[in-house]
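Going in written order, the chains are labelled A, B, C, D, E and F, and every chain counts its residues from 1.
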Amino acid sequence: MAVTFLQDETFESYSVRLSPFFKMKRENGIIEVRVHTHDGEALFGLEMHRAFAQMFRAVGADRQNEVMILTGTGDYWVRSVNKENSGEHGADAGHAPPFADFIYDTFHIDGTKIVEELIWNVNIPVIGAVNGPGFHAETVFLADITLCTPDTTFVEPHFTIGLVPGDGNYLILQELIGLKRANKAMFLGQPITAQQALEWGLVTDVVPREDLLDRAWAIARYFMQRPREVRALTTNVARQRWKNLFTREFAMHLSHEITAALIRPVSIEAQEEAVTGRSGYFEAT
Amino acid sequence: MAVTFLQDETFESYSVRLSPFFKMKRENGIIEVRVHTHDGEALFGLEMHRAFAQMFRAVGADRQNEVMILTGTGDYWVRSVNKENSGEHGADAGHAPPFADFIYDTFHIDGTKIVEELIWNVNIPVIGAVNGPGFHAETVFLADITLCTPDTTFVEPHFTIGLVPGDGNYLILQELIGLKRANKAMFLGQPITAQQALEWGLVTDVVPREDLLDRAWAIARYFMQRPREVRALTTNVARQRWKNLFTREFAMHLSHEITAALIRPVSIEAQEEAVTGRSGYFEAT
Amino acid sequence: MAVTFLQDETFESYSVRLSPFFKMKRENGIIEVRVHTHDGEALFGLEMHRAFAQMFRAVGADRQNEVMILTGTGDYWVRSVNKENSGEHGADAGHAPPFADFIYDTFHIDGTKIVEELIWNVNIPVIGAVNGPGFHAETVFLADITLCTPDTTFVEPHFTIGLVPGDGNYLILQELIGLKRANKAMFLGQPITAQQALEWGLVTDVVPREDLLDRAWAIARYFMQRPREVRALTTNVARQRWKNLFTREFAMHLSHEITAALIRPVSIEAQEEAVTGRSGYFEAT
Amino acid sequence: MAVTFLQDETFESYSVRLSPFFKMKRENGIIEVRVHTHDGEALFGLEMHRAFAQMFRAVGADRQNEVMILTGTGDYWVRSVNKENSGEHGADAGHAPPFADFIYDTFHIDGTKIVEELIWNVNIPVIGAVNGPGFHAETVFLADITLCTPDTTFVEPHFTIGLVPGDGNYLILQELIGLKRANKAMFLGQPITAQQALEWGLVTDVVPREDLLDRAWAIARYFMQRPREVRALTTNVARQRWKNLFTREFAMHLSHEITAALIRPVSIEAQEEAVTGRSGYFEAT
Amino acid sequence: MAVTFLQDETFESYSVRLSPFFKMKRENGIIEVRVHTHDGEALFGLEMHRAFAQMFRAVGADRQNEVMILTGTGDYWVRSVNKENSGEHGADAGHAPPFADFIYDTFHIDGTKIVEELIWNVNIPVIGAVNGPGFHAETVFLADITLCTPDTTFVEPHFTIGLVPGDGNYLILQELIGLKRANKAMFLGQPITAQQALEWGLVTDVVPREDLLDRAWAIARYFMQRPREVRALTTNVARQRWKNLFTREFAMHLSHEITAALIRPVSIEAQEEAVTGRSGYFEAT
Amino acid sequence: MAVTFLQDETFESYSVRLSPFFKMKRENGIIEVRVHTHDGEALFGLEMHRAFAQMFRAVGADRQNEVMILTGTGDYWVRSVNKENSGEHGADAGHAPPFADFIYDTFHIDGTKIVEELIWNVNIPVIGAVNGPGFHAETVFLADITLCTPDTTFVEPHFTIGLVPGDGNYLILQELIGLKRANKAMFLGQPITAQQALEWGLVTDVVPREDLLDRAWAIARYFMQRPREVRALTTNVARQRWKNLFTREFAMHLSHEITAALIRPVSIEAQEEAVTGRSGYFEAT
């Protein structure tokens, strides 16, 4: 009796296919995925947003991946918005996709899949290694272990720039740092320092930038000493609360963000530095 | 085509109607509601208990209210129990309403509505500005942003004085400071200082009394810079966890309190200072 | 000791205030509320949509109401859309409220409150007496006891006319008749007959039109033989599943409807008879 | 290495201890438990109420029980209330336990344990064989398989006699026959016939009285052909929805019943035949 | 500004890749997927089990699919077990994958993904067209609309052949036909006829085999008359209950099945006809 | 009228029966239960594992117990594994119970009951007095008040030694210290010091060993000043979140642990000191 399964896509295939957004390497079952833009610091845009979901789907479907490290390039997790090839903040909307597709495809579907594919389909331990400030940190927060550098700051800038915080980042903050701290970060736009993130249980460790990847790999190798099934089923157990939370509340959050964005275009001048927490927040005088 | 909606009650009407319990002012959509007794520090009683729910319903139904500030008068959020016009601790029960109505109307309905009207019907950001110690702080805990003065202490005195903690205050503590700290506060009656409240994520900021209202108004004005729909839908997103929690557990908590109070009249001499955390709690010798 | 509560609005006041939409009478604690348009069959529109929520709030807040009967006028629960004073399908949008207010105020807030005020604030047994076909039947489905006439048909026409079914009606169908039957009614737009409604547990009884109100009043009087607190707490117990369901899922449903309506204006010619189930649905050839 | 566990109570011990309320026999792992009063039809009372929980606990803790059959004696599941040795409807309250203990111990604890011990601690398939009409059928409804005789009627008489339906019976009806049918049975007190019970999914089969126990034993033997662990883990899977439902809602239901009973003594003359569905319900004239 | 997304796999690619298990065609956004074995009736095995998940993932990721029809080949949805290339019942275990991989990869991962990929990733309306008897019907039950032929029978054979029913089929039966009917089908192994399936709300319609695909396509075309976003968001609303249910309970069900299968190899001779409901079940003598 | 309840087991009986594992004393309703092995520090094994559940059942069923203190003997809560009379790590498996019984009875049933009996059946306040390091601390974490000595460390060693953390300890850590800290303790095996436990809300107080029992008794006596029903119903309210959490997730956790242990025998040499947190964990170099 031969057992002949249909093969899923190989590392060799998807690592090339996704290379415009992610550099990947794999050793002994440990896959390191590094987000980048032109091999420099990541600039976030519509394409990268979708590519995150596509990457999680490919990495998750390949059963030869056993532990994942997710990190960024240079001094920022995300340095800024990619004005070159993204219509997100829309100056050049004429060349963007048609309105309805834009909203449904890029806000609803991509906004849903970027977190769902990670939570439901990457059934292996994930180590987030946050190499510096930036927004859209929800993917590294959802990692099982999250390291960050001492200069990292985390921001929840939606409300600051006139949007509803529906992409999952605020939902994660509610769960990890509690409703009141999450509200202070979100309603008042205040950045969370690495030290606060550690004290409040938002990250696991603060590690100097020069040691960050070494630490992530050391942890990954420690994980690899356990049997594959123990690793995977432990991850399943650890993820169950995220699955509960996102199933129960995420679709409501995201559709509120989309509803509000359709009713009111962003009305406060989006300050570029809001995404790294250097401006835009409430300050007591 | 004319669209002619039935009008809801106006600020001019309810601000007068509720003035025995609350002083209100409104500027540019920001409504400040200050609880008081004879324009001094608030004394809690049956009437005030019900008036809180009535106030939340009126404020919530008026669509011209866009941000709410909830605060108290003088040096206490609540100074004490109002012996003059409340039957709550019942010395003068002969003049109180008939027993069944008393229990059902004042414990069950009013006890339910004081929190439900705030959570479900005040669909705008609420800033709690706690001006000093006092009990029945569940309403300001449910605010999206909660400021308190450095001398504020929070207490959960039900068990201390022989009641089951079913009015929502303990349920909120479980959510915001965790089960073990909530149990220490509740089972052992120990007051929570302003500094602990800040460290444990129960309040957003500790602010000197002289700056308290200025800070609340500054935050309210910061909120008003966002579009109305963004503000309201963000609040809806932020409240969803409270709605889940209260729907799932609150009726059970409250009916346990009422059951126990009916089976056993309060058996420990209610110490007046228990409500501001100055006596009655367990102390390790 | 005097106990002096702030008074809530009286029957004499709100029954007049709401009379353009509802005729009310009250005997011995039983309040009958009859929806109408110019004293004839109800035509649904934006104003009536909001008035339902306003009516439930007023009826629920008045503690002298002990059992509620909700019924319609003439041969239809709702006969059609009110083209005279409603902007809902928008031919005359120039005189309608500004776009953002229209969506947020009439879709989000009113769409939320019409069911929430009934479920959370009418804490007494409600008897729905459905006098004939019509849409927007979610309020009578949420009644504790629902009677209908033999010619009544129930429809879930949103998808049929190009909308997402997010107003609660489909959510109720899922709960009461199961996912597959609810999907057939919703995705294929097929009307549910009175007989099917009875067999599937959607209504309690089918009663000839001439006996409908007599039956409703007989049941109401039967209820009045139980003590007030037993009636109210029983209702609370009976409602708990609705509270769970609506807290968990309703905001997500409604915001999906609004999102879709903003992305795509209704694209299928809204057939007037779709609302009474006489046209528009899928038919196997 | 010897493994020496502490022994749990044996069949020989608990079958004697519980014999005033239950007759038991056991063959090849199948335990039949028959409720009785003086070896005749069961009369329900405080002692039997508690004994149900004690019986489930003993049967559940004995790992030699592998399938359980639960049935009654004679022509009634429960014939009536035991006036001889029960204080439940209290004519002779002077000899009953002190008030607080009565309420807490017999309503709250016993009322909780009668269902919890069955759901959580009898981790084996249970076959309910309902031999005729009677109330307090919640235990046989919770059985995995429920047979009843053609003359069986099921009633939910709490509201009929002036109580809140909080003992789990109504909660089970909501789950098994849907909210509207459950409301008709509960609010209007209408008995459910065996045929309706079958059509609505409340029982598995209707079986003539003379075949009832044979059928139950045949099913039990069919179950015994599966391995012990498969039987038990299947039961665990099948029970999970009951555990969810009872954890989420039962304490709220029960405490509402107790609250109401304390506020208002039963005010409608308890009709004895209400418990077998022969009187007391609403009838359309 | 150019927007350049990474492309997902095309219909031309995956329809070929998956053709050993599924024949696909697509017209105007409607994709028909027909399961087969050598172009005849489907024989279920390990490879097909995994291929279902792979197919749902590919179909779901391709945004050009707008409505999906899922059907089988010939007279059976699934005719039997594929003994040629499946190790499921293991006679030839020597050539099967290593034990740990077998269990983890084929039971846990594949068993999880077959339903999760459908529920979470096929975000378009799905019409199940069940062409005859067979087991593993959970995928067509999860379809939004389910048609079946008059000779179709549905079975839940796990317990019958000595397994715990953890693959989702029983969980779906609990939701759609209620706990008691689901228990009868599962514990007693009794087949559900097409007529019962219709009456109990398990299927939407019973359609003669010769009309089955025509009906499915007519419905699909009816769906295509609604805007893409309305279709998709309606599906999202309709699926929310399945997402809640599967997130909350499925991992527990499946791990119970695996646990039991590891503790006890299947001990009852697996009757081949059990999978089409022609033998193996409990019969009252 | 006499009320004659069947008696539950007396303190005199179960305190003797359980004395090989627990020393008990009782004064004025306060029961102290001290786990021991030969009157010295506790060695954990299969028998003790089961005995915990048996003890909670007996203590919980005796209504004369009103407050419970749970503590250990000597310098360790649990010193090590009992190699003498436990088959848990199996060197001497020949004398252990048959494989299927071993797994089902000792892992599934005992693993379920040790926490369920405490949460559901010990309906009185429980004070955990942790006298030193050790594993299997889930019972004292579930206590309403938890004291520990300054040298106590808490460990979650499952993953460290190659098991899935499914026994409830990790689930409790997720709830009490948050997902990220719980992951650090579990995935990296790092011990939690007494001081961290206090700061993170895992214990209520850190108390010198010589004062530990005095403090526990002082708190117990403080509790006894409240009426019995207030104490018990307050405990019910305080436990509700644990009941929700364990009902929703525990069976999934435990069955994942068992599945993994059956697929892969423990593959990392179990380091004895892992159970007291002195070795085995990840250390950054």
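Observations on the model:
Rule of thumb we're sticking to: a residue touches a chain if its C-beta (ideal position, glycine included) is under 8 Å from a C-beta of that chain, and two chains touch if they have at least 3 such contacts.
Since we're looking at a predicted model, the values are computed, not measured.
Chain centres were defined as the mean of their Cα atoms; on that basis the chain farthest from subunit A turns out to be D. Comparing the contact residues of subunit A and subunit E by number shows a mostly shared set, over half of all numbers used being common to the two copies.
Distance from the centre of subunit E peaks at B, each centre being the average of the chain's Cα atoms. Note on subunit C versus subunit F: their Cα superposition corresponds to a rotation of 180 degrees, in steps of 5. Here the spacing of subunit A and subunit F, counted between their Cα centres, is 37 Å. With centres set at the average Cα position, the gap from subunit A to subunit C is 42 Å. Separating the CA-averaged centres of subunit A and subunit D is a span of 51 Å. Each of the following residues of subunit E touches two or more other chains: 100, 103-104, 108, 227, 229, 233, 236, 240, 244, 248, 251-252, 256, 259, 263-264.
Screening every pair of chains for touch gives A-B, A-C, A-E, A-F, B-C, B-D, B-F, C-D, C-E, D-E, D-F, E-F. The touching residues of subunit E, when paired with subunit A in their complex, are 1-6, 8, 17-18, 20-21, 46-47, 50-51, 54, 57, 61, 63, 83-87, 92, 95-97, 100, 103-105, 108-109, 116, 120, 123, 227-229, 232-233, 236, 240, 243-244, 247-248, 251. Every residue of subunit B that touches subunit A in the complex is listed here, in rising order: 125, 144-146, 175-176, 201-205, 207, 215, 218-219, 222-223, 225-227, 229-230, 233-234, 236-238, 240-242, 244. Against subunit C, the residues of subunit A that register as touching in their complex are 99-100, 103-104, 108, 248, 251-252, 255-256, 258-259, 262-264. Across the interface of their complex, subunit C is touched by residues 158-159, 162-166, 170, 174, 177-181, 183-184, 186-188, 200, 248-249, 252-253, 256-257, 259-260, 263-264, 267-268, 282, 284-285 of subunit D.
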